[in-house]
Amino acid sequence: MNHVPWLTLILVVPLGGALLLQLVPGSNTRAIKVVTTVTLLAVAGIVAGVLVGFTHTPDPATSQAVLLNGSTKPSPITFQFEEHHDWIPAIGASYHLGVDALSGWLLALDIGVFLLGAIVISRRTTQRMKFYCGLLLMTFSATAGVLLSVDLLLFYFFWEAMLIPLYFLLSNYGDENRGRATIKFIIYTVASSLAMLLAIIWLYFASQAALPPTGGAGHGTFDLQTLLLTPLPNQQPVSVLGITTWTPQQWAFLAFALAFAVKVPLVPFHTWLPDSYTSTPPQVLTFFAGIVSKLGAFGFMRYGLTLFTGPAHDFRWVIIALAILSILYGALNALAEFDIKRIVAYSSVSHLGLVVLGIFTFNANGLNGAIIQMVNHGLIIAALFLIVGIIEERCGTRDIREIKGLEKRMPVLYVFFLIVTLAGLGMPGMNTFVGEFSIMLGAFQTAPVLAALIGVGVVLACWYMLRLHQGVMHEPLTPIAEKVRDLHLREALVLAPLVALMLAIGLYPHPFGAVSQNNVSQYVSVVTGQPVDQSQASR
Amino acid sequence: MHVLAAIPPLKTPSANDLIGLLPVLVMSGGFIVLMLLDLVVPARRRGWLAAGTVLVLAAAMGVTVWGWFDAATPRTIYFDAMSYDRFSLFADGIIIAISALVVLISPGYLNRRGLHYGEYYALILGAATGMMLLAGADSLMVIFLGIELLSIALYILSGFARTEERSQEAAMKYLLLGGFASGILLYGMVLIYGETGHTQLPQIAAVLHAHVNDIDPLFLVGVGLLFVGFAFKVSAAPFHFWTPDVYQGAPTSVTTFMSVGTKVAAFTALIRVFSYTFADSWDKWNGIVAFVAIISMVGGNVAALTQTSLKRMLAYSSIAQAGYILIGVAVQGSLGTIGALYYLAAYAATQIGAFAVITVMSGRGEDLDSYDGIKGLAYRRPYVAAAMALFLLSLGGFPPTAGFFGKFFIFGAAIQGGQSSLALWGIATSVISVFYYLRIGLLMYQRPKEGETHYPWPRTSLAGGGVLLASAAGTLVLGIFVFLIYSVATSAQHAVAATLQ
Amino acid sequence: MTNTTLMGILGGLLLVLPVAGALFNGFAGPRLPRRVVNWVGPGVVGLAFVVGVVILTQVLGADEAHKSITIRFWHWLDFGPGNLQVGFDVTLDALAVVMIMVITGVGFLIHVYSVGYMEHDPDIARFFSYMNLFIFSMLMLVLAGDMLFLIIGWALVALSSYLLIGFWYQRPSAVQAARKAFVTQVIGDVALVIAAFLIVVNLKGQDGRGIFSLSLPTVFYNAQFSFAKGGGIITVICVLLAIGAFAKSAQFPLHTWLPDAMEGPTPVSALIHAATMVTAGVYLIARFHVLFDLAPVAAGMVACVGMGTALMAGIIALSQVDIKRVIAYSTMSQIGLMIFAVGIGAYTAGMFHFVTHAVFKALLFMAAGNVIHAMHDEQDIRLMGGLGDRMRNTERAFIAGSLALAGIPFFAGWFSKEDILGFGTVAGPAVPSLFLVGLVINVLTGLYAIRLWAVVFRGEPQTARVFQAHEAPRVMLGPVMILGFLSVVLGIFLQWPFQILGFSAHFLSSFLDPVFSQASGIVTEPSTFKGALALAVGTIFSMAGVGIAYRLWYEKQPHPQEVVGRLPRLLPQLSWHKFYFDELYDAILVRPATAVATTARRVVEPRVMDGWVRGIAQFFADISIDFRAVQTGLIRDYATAMLFFTGIFVVFTVFLIAR
Amino acid sequence: MSLDVFPWLIGLSTALFMIGATGVLVRRNPLVVFMSIELMLNAVNLAFVTFGRFLNSMDGQIFAFMVIVVAASEVVVGLALITTVFRTGRELDIDDLSEMRE
Amino acid sequence: MTALTIVVGILALVSAIGVVSLRSTIYCALSLVGNMIMLATLFLLLNAQFLAAVQVIIYAGAVMVLFVFIIALLSPGSEDRPALDMRLMVGIVAVVYVTLQIMFLVGNGKTYDTTAVACTSATQQDCSKTPLRGGRNGSAVNPGALSFYPDDVNRTGNVQVVGGQLFTTFLLPFEITSLLLIVAAIGAVYLTRHHYSGSRRT
């Protein structure tokens, strides 16, 4: 196929932009911002093109997996816009990109939050803008790479590479605690990711065991499509110190799950998040909180469900329990917190627990809901952090007890904040309701009690979101809030599209289901082992 | 009377042997020439010596590259004294390259430190020659001599700042402990010689292969002692004690050189001896190697965790890196060797870069060594700081840098070889290592406070910048275009396997 | 133009008008002259009322097949066959029309009233924005043709209520009340959502194959095939629906928010917390009557809860001193009756009482609003008294409303309330015990209704402010008078038992019949004799209540304090402290939840969750120091260690490997 | 020389080697430490020659020769270093060389 | 012969202990000289005449003279008493244990044929040509390298044979030693040279 490598362009154009930035003098902040924004706009154009060109119900034959014996077979998950080149031929690692509905939506979110991140940069809030913008563009490339790669090694490559620009961003911008928080984040992530690396290597050798005696590739594979169609050898449980534990495949799943659970994060692997989110400035958080944590959930769905169907079932309830724990625990912490940024951070823990729960329902409603909720969360968390950031900047404190009655001084912010709060608490009619309802339905189909537990979480969410919103907006003005000014036009223009999207998705979420249902049914089919048409009629 | 009939006839070396020795010949020739040149070059023009050294190294590199194609079929020269194969040429290439990089950053550094003497270049070349001999050695005798050649040169280089107490102390420690370790190494060689009747590796391998089920404990003791000797040279724990002290005390450019060169050469020999010559008794010695690997990874990384001296931190880090590479030795299978070679290349590019930053940034007074010295570096020398950060990330094993694929292949080898526990140790300690690498990064990017004085970093010279650029490029190329070095390492592995199995 | 298209346009218009008003007032309002806002706010609701009337005529004129029309605006969500598929549907039928008429009609009057009431408030635009949003939400709720949209509307009214309760956001008590109301509502939402799940998962078609749909017509049509009458699942569904309804309608045990909600401006109380929103629970049960008919146990529970709440609220209303709270408890009590009605299957009766109650309760609130307005925001009735001389028209309207509330014959409330009690004699659990409770409630209603009138408007003025009070302006008085008129005649108009002047007898019943005709469990009318008896007894009790109250509070013979003194101490205590529900919930829900949250944040998070991370970090930092201590700097130590480990290797080799 | 002495010579060599090693551990005078190292190398030489004798191999003697040469050069460098370090008249104690630690 | 060996061996041991235990540096050096001479004697007994000569000339001669010279230069009277501490314990245990262990391993019957008589010439009969296991195994691989019987070598001349080997089979190692010596020389010169600043005028 001789088509334009659109997906490669998505990865390369930002890097090109970052290089171009080096030619701009550091003092010319306007030019730097223009270059960054234009680069991202160009990428946004490509992403939009890809999404428009995305076929809702593609012919499965268009996405062929190359088996280890050299033959091809339709991939269980249909990817589009595929690009396939050798990378390290000796070990069968390939540069294999592709997009499915899951990655498509997240890609849209990705470019969205990064564009937002680029727009909110200002000379006032961001020193050394060239450095910053370069890192921003690199982070985008890495996150997009995570979403687009179909090869496990390539996926891991981007997964870890993402940490580098993030490390610089987090360690250079933020309050005085940023150093510790950054190291905590990186260590957490690296520790879990390295476990995943071992699991990836194990998968490779396990696939090698399935090689035909003669002919074929001669080596194992990292390719997701191939791995999905490669039977793994029979597994004996590993015994550690004489105690029989799990099979290697189960261990591998646990390693993957750990990596994703940290990134999401699921309680009890979450403690990096409040620290990190609290010490990071809002312009970084727009994309850091906006996309990075979704990648964990993405991983659960893309790899956890597909490569490890057996272990995913074995440990399903463990993950679900952690997800429920995250929902409730995050909510409780948000409820007792006084730092407005940390409240938002804990709310994020709670929300993302729901996403993971949706994924582990193993049915179309849950998975579709999870996809929607990932996008929603990206929008909400970005908006919330921007708002909280504005409040912090105006008031000079983050203590909810010291800020009150802002509605009087900031009526415009109040409206935005209200809508975002409502979205955050899952108000029916808002975007999150679509996702939450779907996930709850999926969870209900899995086990009714889950829906009830989520219900408790929803009530708590309502409580803490209102506590946050009312806490800063209502009651008589405190001295600290006496002189604050309302939103600038710029700030309002940044928040407006986010809020508009929240309302729009709530009003017309139809595109989500329309685009995703084909791929989602494939995921469900893979994880449940039922054929695609049957898996659709779950229960 | 047939007096001579009773003893074997003498064998005569041929011209082919000389061809196989070409890289070493160029180096040693250059060594002699530079030593003589030093006598005539005026003191103010010692930069010329550096240029001359680089020329020699370039010539050697040319010969090595030529040899890569010439030695498509591996062979041994001088009656199994050395091998002429891609395995040793791989190491030669790295050694020559890092020597060139070190020589490029040296004049500026030595001038600032008031140490710019001509002997320096001759000694660097001498040590490099020793390293190449060690890397190509195919007999115990050449291994020993190679080690001694490089060691003696490095003893002197460590004490090159002869008026400084730290430098003296470093040299003394290195010398005494080095001699001690040489003794242990030699005793191991004796036992192996006594148990096999030979000192040439191919013949030892043949003996072992023929008697694989009948291994004498004494031989294994010899293997163990030999390994101790090697472990000392690659600074693997618990034989690493000299490393931090010597790295810290020696002039930084020397540390740069020896931290990479010694390791590359010694590991090349170690792999040749253990993974291939002793391959048949792998199950007898792999426990010890794995033990040392684990101790190195844990000890190196943990001790580096709370360091406040840059050079010591990098020293402990290099101990840990030795542990990772040892995993490649401890596991059976070609991937272990390939991984170790890849790791060595990656380590060379990265470590030389990291030390080069310290070298290039060292001012006239004390060496840049304390953590305080790099605080806020990014605000004054953004590109240098960025390069340093890249090297640190590579040491930490982040893609898209070289370090990632080094670890990837090593862990892959461990899993393939059924030694997942080693890989687990590896990742656990990698996590620890990330902590202290990133801490340096944080310091460099720490915003300087108003009116705060900082370490007087010198201006970056063209050569210094070039070296940093080259290391950074190498780090990235090894991290992205993996197949380049991977295929090279694979053919190196094929070569060593062909000569010894 | 087909009927469906027209109805679609009308339905759309109905929804769009208030939304447009809300957006206009919200965004443009603050920058426009006050007059514009004052026109736009009520105007859009008035227009909606007109549209509602057109819809009414359409439904009245429709043939049998088109009595209920469902229009799909757009596909809302589609996860593929067998999974969630939802359309934005609007259902227009008699039940919806009745609701529309009340919502837009009463709503319009209250909007007009607000123009006067909020005259001095600078945030009038925001106020009308919220009010319009409420009208939209309520319409969404009643028009929804899909359970999901019903839930959306359900939650949106809660939102509007929240916004309006907390309208005066600088009052901490208002903020608290708003949050309390909203959280309680969310509990109801969750119950509804789970009910929806139970329905969608269990719904089956005639052929026994699963139908994955939340479309209300589909659900109602297929309910009979999916659920066995009295089965466990349908009972759970109905209990959950009922919980939703209880939350919205302030029924036990989710009732505590309503009195607090009186923190909002009085028009809000009139519109939301009396006339419309709180009765949505009644609407919900009526709407889902098909399901409730299949679950007699759940329906019985609903009836009991309704009657119980009615009794409890009646008792509480007796002792309260805040004018709005008295009316609020009265509302709670009356809604209890409605809930009782729909619980026993008397859906029409319930809806009838909803309509009349909307009228007279809105009236009472607005009249109370006039009083508060005149008293400069004073709400304590103990500080009033004798206002009737200064606010004659208001007093007249108030009396009309009170009598309607008390169920004095031929007032609107009499028709509807006695209708419900009549059904109580033949249907529901434990007949006729709940009817007997109803009689008690009749007495209580008379008592508190007349007490309020007597204390506020009669007697001696208690403060100087009373003397400055003056009648409300026309814009406020007008709606009050209109509603006062309706309180008198509406019952006659809607349920006059004889055919007269072209209006059919029992107009409302016949209008609603097509909706409830499917209902299998609809109660039979009580026999004429029983009905007449119940009517008579009920009326007597109501009149008795009024009479006693008149004696006690107007004539003060005996003085009410003496009577209270003669009662068991517990009763007035319970009444005054609202049966201690706030304290109870605080003790068993709020405090424990807060304590758990605080523990999570202060103890679990730093010690446990972060503790294991920090513990590991600290551990490594500690052993790092130990490791470094090994590095003594002494050459001899280094050599010793090397020799030692070499020896270890020798031992290891000889004794472990070489064996 | 008969084969009977073979194990004794190897044993002697080991003993000398370990005595040398012990010398490195216990002595503080750098010169004596150095001598101890020389002792170790000598012990190795003895083993080389012994093995070579009974293996009928020349490698042992050649190797021993190399060891002697190496030892000599090490001594040259080592003594030069010791003179540099201790020339200033400080006490001959290697324990003083412990500025760098941990 | 054997008696001489035993005596020389014991003397070597004693002088070695002297090196590490004597307090005065100069005595240590003298002990080392003694030790070297004993070893040279053993070399002679083991038919390594060239090596014995080298040992005496280079070691006992040149190297030890250098030692004594430096001792005299730096600290003629310095004393150094080994302390009784952990290090000494490790050392003593190591000496005793390792020596016994190695001897035990050597004498386990596998390392060498305890009953055999070693041949001294290729043509000798009634003896073992490969008394050591290493010889037995090794000669199967490369018999040429393992056929330097002492009598045959002596007949040619030990020095001639060693020299011949050095310049043929072991040419490369031999050349490396030359490099080594140059490096050592440069180093020694550099380290001991007087300090100067600026240009050099030697």
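To keep things simple, chains are lettered A, B, C, D and E as they appear, and every chain counts its residues starting from 1.
Convention: contacts are C-beta pairs under 8 Å (C-beta built on N, C-alpha and C of every residue); 3 or more make two chains touch, one makes a residue touch a chain.
None of these values were measured; they are calculated from a predicted model.
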Partner chains that subunit A and subunit D have in common: B, C
Count of contact steps on the shortest path from subunit B to subunit D: 1
Chain with minimal offset from the mean of all protein Cα atoms: A
Pair of chains ranked first by number of touching C-beta pairs: D-E
Most distant chain from subunit E, judged by the mean position of its C-alpha atoms: C
Subunit A and subunit E: spacing of chain centres that average the CA atoms, whole Å: 69
Centre-of-Cα separation between subunit C and subunit B, whole angstrom: 78
Chain centre separation (subunit C, subunit D; CA means) in Å: 97
Where subunit D and subunit E are represented by their mean Cα positions, the distance between them in whole Å: 8
Sites on subunit D at which at least two other chains make contact: 10, 20-21, 24-28, 33-34, 51, 55, 57, 59, 62, 66, 70, 73-74, 77, 81-82, 84, 94, 97-101
Multi-partner residues of subunit B (each touching 2 or more other chains): 141, 145, 148, 152, 155-156, 159, 162, 172-173, 176, 180, 193-194, 197-198, 216-217, 221, 244-245, 435
In subunit E, residues with contacts to at least two other chains: 87, 90-91, 94, 98, 102, 105-106, 132, 134-135, 138, 145-149, 153, 161, 165, 170, 173, 177, 180, 183-184, 187, 191
Chain pairs in mutual contact under the definition given at the outset: A-B, A-C, B-C, B-D, B-E, C-D, C-E, D-E
Residues on subunit D engaged by subunit C in the complex (per definition of touch): 21, 24-28, 33, 94-95, 97-102
Footprint of subunit D on subunit C - complex, ascending: 628-629, 631-636, 639-640, 643
In the complex with subunit A, residue positions of subunit B that touch it: 382, 389, 393, 396-400, 404, 407-408, 411-412, 415-416, 420, 423-424, 427, 430-431, 434-435, 438-439, 441-442, 445-446, 482-483, 486-487, 490
Subunit C residues touching subunit B - in the complex, by the definition given at the top: 617, 620-621, 623-625, 627-628, 631, 633, 635, 637-639, 641-642, 645-646, 649-650, 652-654, 656-658
Residues of subunit D that touch subunit B when the two form their complex: 10, 13, 17, 20-21, 24, 30, 33-34, 37, 40-41, 43-44, 47-48, 51, 55, 57, 59-60, 62-63, 66-67, 70, 73-74, 77-78, 81-82, 84-85, 94, 97-101
